[in-house]
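For reference, the structure I am asking about is given below.
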Amino acid sequence: MSISVAVAGASGYAGGELLRLLSTHPELNVMTVTAFSNAGQRLIDVQPHLRSLAHLELQPTEPSVLAGHDVVFFALPHGRSGALTAELGPDILVVDCGADHRLTSEADWATFYGGDYFGAWDYGLPELLHSSGGTQRQVLAGSKRIAVPGCNVTAITLALAPGIRSSLIDAEDIVAVLAVGPSGAGKSLSVNLLASEMLGSASAYAVGGTHRHTPEIAQNLKVAGANAVSVSFTPVLVPMSRGILATSTAKLADGVTAAQVREAWETAYQDEPFVHLLPEGAFPRTADTVGANTALIGLAIDEAARRVVVVSAIDNLVKGTAGAAIQSTNIALGLDETLGLALDGVAP
Amino acid sequence: MSISVAVAGASGYAGGELLRLLSTHPELNVMTVTAFSNAGQRLIDVQPHLRSLAHLELQPTEPSVLAGHDVVFFALPHGRSGALTAELGPDILVVDCGADHRLTSEADWATFYGGDYFGAWDYGLPELLHSSGGTQRQVLAGSKRIAVPGCNVTAITLALAPGIRSSLIDAEDIVAVLAVGPSGAGKSLSVNLLASEMLGSASAYAVGGTHRHTPEIAQNLKVAGANAVSVSFTPVLVPMSRGILATSTAKLADGVTAAQVREAWETAYQDEPFVHLLPEGAFPRTADTVGANTALIGLAIDEAARRVVVVSAIDNLVKGTAGAAIQSTNIALGLDETLGLALDGVAP
Amino acid sequence: MSISVAVAGASGYAGGELLRLLSTHPELNVMTVTAFSNAGQRLIDVQPHLRSLAHLELQPTEPSVLAGHDVVFFALPHGRSGALTAELGPDILVVDCGADHRLTSEADWATFYGGDYFGAWDYGLPELLHSSGGTQRQVLAGSKRIAVPGCNVTAITLALAPGIRSSLIDAEDIVAVLAVGPSGAGKSLSVNLLASEMLGSASAYAVGGTHRHTPEIAQNLKVAGANAVSVSFTPVLVPMSRGILATSTAKLADGVTAAQVREAWETAYQDEPFVHLLPEGAFPRTADTVGANTALIGLAIDEAARRVVVVSAIDNLVKGTAGAAIQSTNIALGLDETLGLALDGVAP
Amino acid sequence: MSISVAVAGASGYAGGELLRLLSTHPELNVMTVTAFSNAGQRLIDVQPHLRSLAHLELQPTEPSVLAGHDVVFFALPHGRSGALTAELGPDILVVDCGADHRLTSEADWATFYGGDYFGAWDYGLPELLHSSGGTQRQVLAGSKRIAVPGCNVTAITLALAPGIRSSLIDAEDIVAVLAVGPSGAGKSLSVNLLASEMLGSASAYAVGGTHRHTPEIAQNLKVAGANAVSVSFTPVLVPMSRGILATSTAKLADGVTAAQVREAWETAYQDEPFVHLLPEGAFPRTADTVGANTALIGLAIDEAARRVVVVSAIDNLVKGTAGAAIQSTNIALGLDETLGLALDGVAP
């Protein structure tokens, strides 16, 4: 089996990470890479870390260039996917790393993004717990249109879904604060993303519930069983290039014990290849997930505050973006879900 | 007026920062520096950044060495202050940067620290709001025994006290997550504080309400007017040497408006020299406080979650430790409160 | 005495650092700050760390705005100083932090910068050794036009000038490699200065003798006594916001001993307030100079290679730019040379 | 073919990286991991990033534990390899990542290391050019005892060997300055390796020709054709966990042209899988090699100084240690040289 792949938006960070992972994938073969302003350049001049793909040249991001592949990955700015997809055939598997097809509510789309709404695709978080008992994996099998989750959303959803599904925590008083690296913001040229500004400094942004990932978190937790969701979510930029460390807390339901909590999380993830619950008293470092598709979860009960505190670590470019895309693609194509994806982080 | 000063524990980070600030103080004169294992060495060999104090030699940390000064600063491991102070006269102003005399509740001391309890001293957070309407400044005037607050505690207390005093927020569902640099942990030789471990990584510790600063936060918010306090507090180590960025959130009381909230915080801090509320939509960076005694506060209302989200930034070694010590000393001695303290951060 | 000051280019890093230092200067009073595109904004919105100057508003960078002050500092892009200065009176002390007036050779200017040449001003490195035995201080006393050195140039010149003046080292086979932080490049929006690109990475630039600071190094070493100079100089960007650590090496002249070398450096700097030779076996860290006007120098002899290896550390924005400007201004105005300048670094 | 592997010293950084790479190697199977003080612990508790090896337990580092494997990797402190190897059979391939068997000169060993000398093994730098025209690969084929090079040595040797072999540069006036991350120093608990000390700071160590890697550099360049070697080598610690950026310079021989230089380097490395010469004007970043066995080389001629300046980037733990070990093992065993080794760096 030889599966041909195109990556649109190959000059950015998400595109670069897709290519880094795909270059070791035994079944998916990158044939085409495209860009907007960088079209015409050699990939290696724009992504100097991708030595194994030094033979590729960036082509323009146009339907005619993308058509003819078995799988097309989009790593594009928001709003670009809809029109391009319309010109690709229904048999091509299209995997969008942007936000365009994540939200099932057009109203949420209008509030948090705006512009034309192109509808929700199959949501690419295989481990997402369904209240029914299964996972999102079932939805992804055979899919032809996949929307990769937002990176912050993945960190929070994986942290809290087990408690939601098992009704151990209150979905209406969730607080999550995330330490995030700047690569999630892409190669944007803005002063606050300069190394001089970020080195030795931490700062919050999108404070007060304005972050676009907010409705997507609620959407996921409802899939896991919540009736109503209230989440106060604040991202904090810290000086590490990659990584998300999410501290997510929720009120415990009355009478819930620490043992019940640990059992719920253990049950949820015991068979997951990429999501690992750490032993009691252990909490993850983002370094342990760098370059890997792994999510690490540490769990504690704050008895005085009657809250569960869940610390989850992922690499925002892997489990948070490119790794999730490839994992979902593997499932959609009926391949071994773990192909092309590392478990071990590049640490120290 | 010439006021003589001794700094005990001069070889650590807190001691070093005290000395850096004191070296520019126009009224306080450092005569003596002491250490435990480093006694006998030149200060400059242990603190190579303190060029202006290159003439000083580290002496042993003994009462006979410390006595005879007008002011003695302790930057010692927890548990050392009580015995030393017993041998210093009542006229010496003793300022303890450790935890020994912060907690008014012996039960809290026993739970979170343990060992002999030596009683609470005057609490060295001048801007701490009293429910009565005044501030902690009144308590500090003329004091001879001052306990400097914990650095995390200062960041959270300053963030939330205005809402507590004005009854706009609920003290029983507070969540605070802090991005903190490793210098708060001192020069401890432990693997998790190695540069190889921390560079490019974030990690949480003392998760689940076990951090020793927890009861001190509650103590302060009660001074500000809370009846009962529940705070879920998680510190996250991030790769910056100094700085705390605290994201503190609390439920809004029913019917409270954004305008009321902003007014309460503005009123609380409008005359403070070192605590500054940023304009609407602006949030602080820790870099803006490096080396300065400044606390910067950004404020937002998350209407959907009905929470106030307060982001506060301080330098843990200055406003969080050594600056607070000197500010409190200035007040205790009747000096201008701002002497020897910078307002402007060393950025970028 | 009240000396009025204007800072042109106040929205950049060099301008910001000038203002941070000037705000604590007892004799110089900042009356006016100017900018190009940011004119009309409040200074505090562009430089949020400068709380003590929150009352200032950025005005346009025009001669009419700058005239009428006793001292005008330029922190402008190269090529802007000449035309502006032509419209300021000869009695105003003008201090240029840019490159426009550093080079005495118009040919070097044409080769490394290009554009109109406006002539050299008095060179603002007070400690520069003259072959005659004095220092640059004598030239600066009473000066009305001062050109502040390039930051890399200062680090290398201070490292090697003692050996040149005493004829202990060969000026024709100098190699210098500098670890530098990105703030030296200013607030430029270029991809390679993004935090995502720099965090966890080191890279060289201007490799092969193309860096514009090259002729300025040679110029200085000739002032110190060299007949001919050959310097291979490579800057390496590393992930720290501030700081230069220069490793400068030169061949020892025949028969020179380690004792002679140490004595030459000791003699050169023993009375300098801001340049400090470390004891044998000790080498500086850039952290020890952060925020300070201090240059630290460590010295070793590599007997096998018959080279002196000099490691020098400065803060590129202080001793490398703004501190040098103020130190030179103090001298020009007949003030105490150390006013407004810290000796102690902000470490850790 | 199933090849069994033991890794001795699995709790340190070099051991951890060996295991990370080996876990993806299709032919080498890690059966046993050993440690000294950590023996008895689960590997995952000491190396939390190695999720794929969570089933392994650390055993004591004893000959009886190591014997019975086809390949044994040593990632031990210096001086441990000799005695252990004496008890392993001659058919076991032993690969030592320490310094014990690198130096062919017992006198150099005595000068730079001291203690018992156990003789040189086959040197594990496959790309090392031999003056005869071949490479070190020929020596490694079929080898049973391999000494992995020092990480700094690899960076400098690869940078300069092409010029030495082709007699284009002078081996007697080499200067190399390296920006290095702290992981090369291992998990040592020393104050100068603490994150608080290193964040935001650069510092040099082993200045003046005292670094233990110095004789090994000379040894390699002699293999490449130098008669006599003089190298002044200074490592500079910078705040990135991994990576070496070496700036190596040497005098050009009389009459040598830029074109000759470029051709020599191109010829040397055009067929190498892991060593890549960048195009004219391009220079490497360490980030582009993180996690990969790749060495990137940028080349410039400084005509004024008549020096070649070579900038080389490697990951000190991969091409500098564990990757070199596995690459050499592949060659020794007759496997494809690139098995288990990534070409693409984990960037940004």
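By written order: A, B, C and D. Residues from 1 in each chain.
As a working rule, a contact is a pair of C-beta atoms (placed from the backbone, for glycine too) under 8 Å apart; a residue touches a chain by one contact, two chains touch by 3 or more.
Treat the numbers as computed from the prediction; the structure is a model and nothing was measured.
Engineer: For the chain pairs C-D and A-D, which is connected through the larger number of C-beta pairs in contact?
Structural biologist: The greater number of contacts lies at C-D.
Engineer: With centres defined by CA atoms only, which chain is the most remote from chain A?
Structural biologist: Computed centres place C farthest from chain A.
Engineer: Could you work out how far the Cα centre of chain C sits from that of chain D, in whole Å?
Structural biologist: Chain centres of chain C and chain D, defined by C-alpha means, are spaced 38 Å apart.
Engineer: Need the CA-centroid distance for the pair chain A / chain C, whole Å please.
Structural biologist: Computed from C-alpha means, the inter-chain centre distance equals 45 Å.
Engineer: By residue number and range, which residues of chain A touch two or more other chains?
Structural biologist: 13, 183, 196-197, 199-200, 239-242, 284-285, 287-288, 290, 347-348
Engineer: Taking the touch rule as given, give the residues of chain C at its contact with chain D in the complex, in rising order.
Structural biologist: Against chain D, the touching part of chain C is residues 173, 175, 177, 179, 196-197, 199-205, 207-209, 214, 230-232, 234, 236, 238-243, 245, 247, 249, 251, 283-288, 290, 298, 300-307, 309, 311, 313, 347-348.
Engineer: Could you please specify the touching residues of chain D with respect to chain A in the complex?
Structural biologist: Listed in rising order, the residues are 13, 16, 20, 23-24, 47-53, 183, 199-200, 241-242, 276, 278, 282, 284-285, 287-292, 294, 296, 342-348.
Engineer: Which residues of chain C touch chain A once you look at their complex with the stated criterion?
Structural biologist: Against chain A, chain C makes touches at 13, 181-183, 185, 187, 189-191, 193-200, 239-241.
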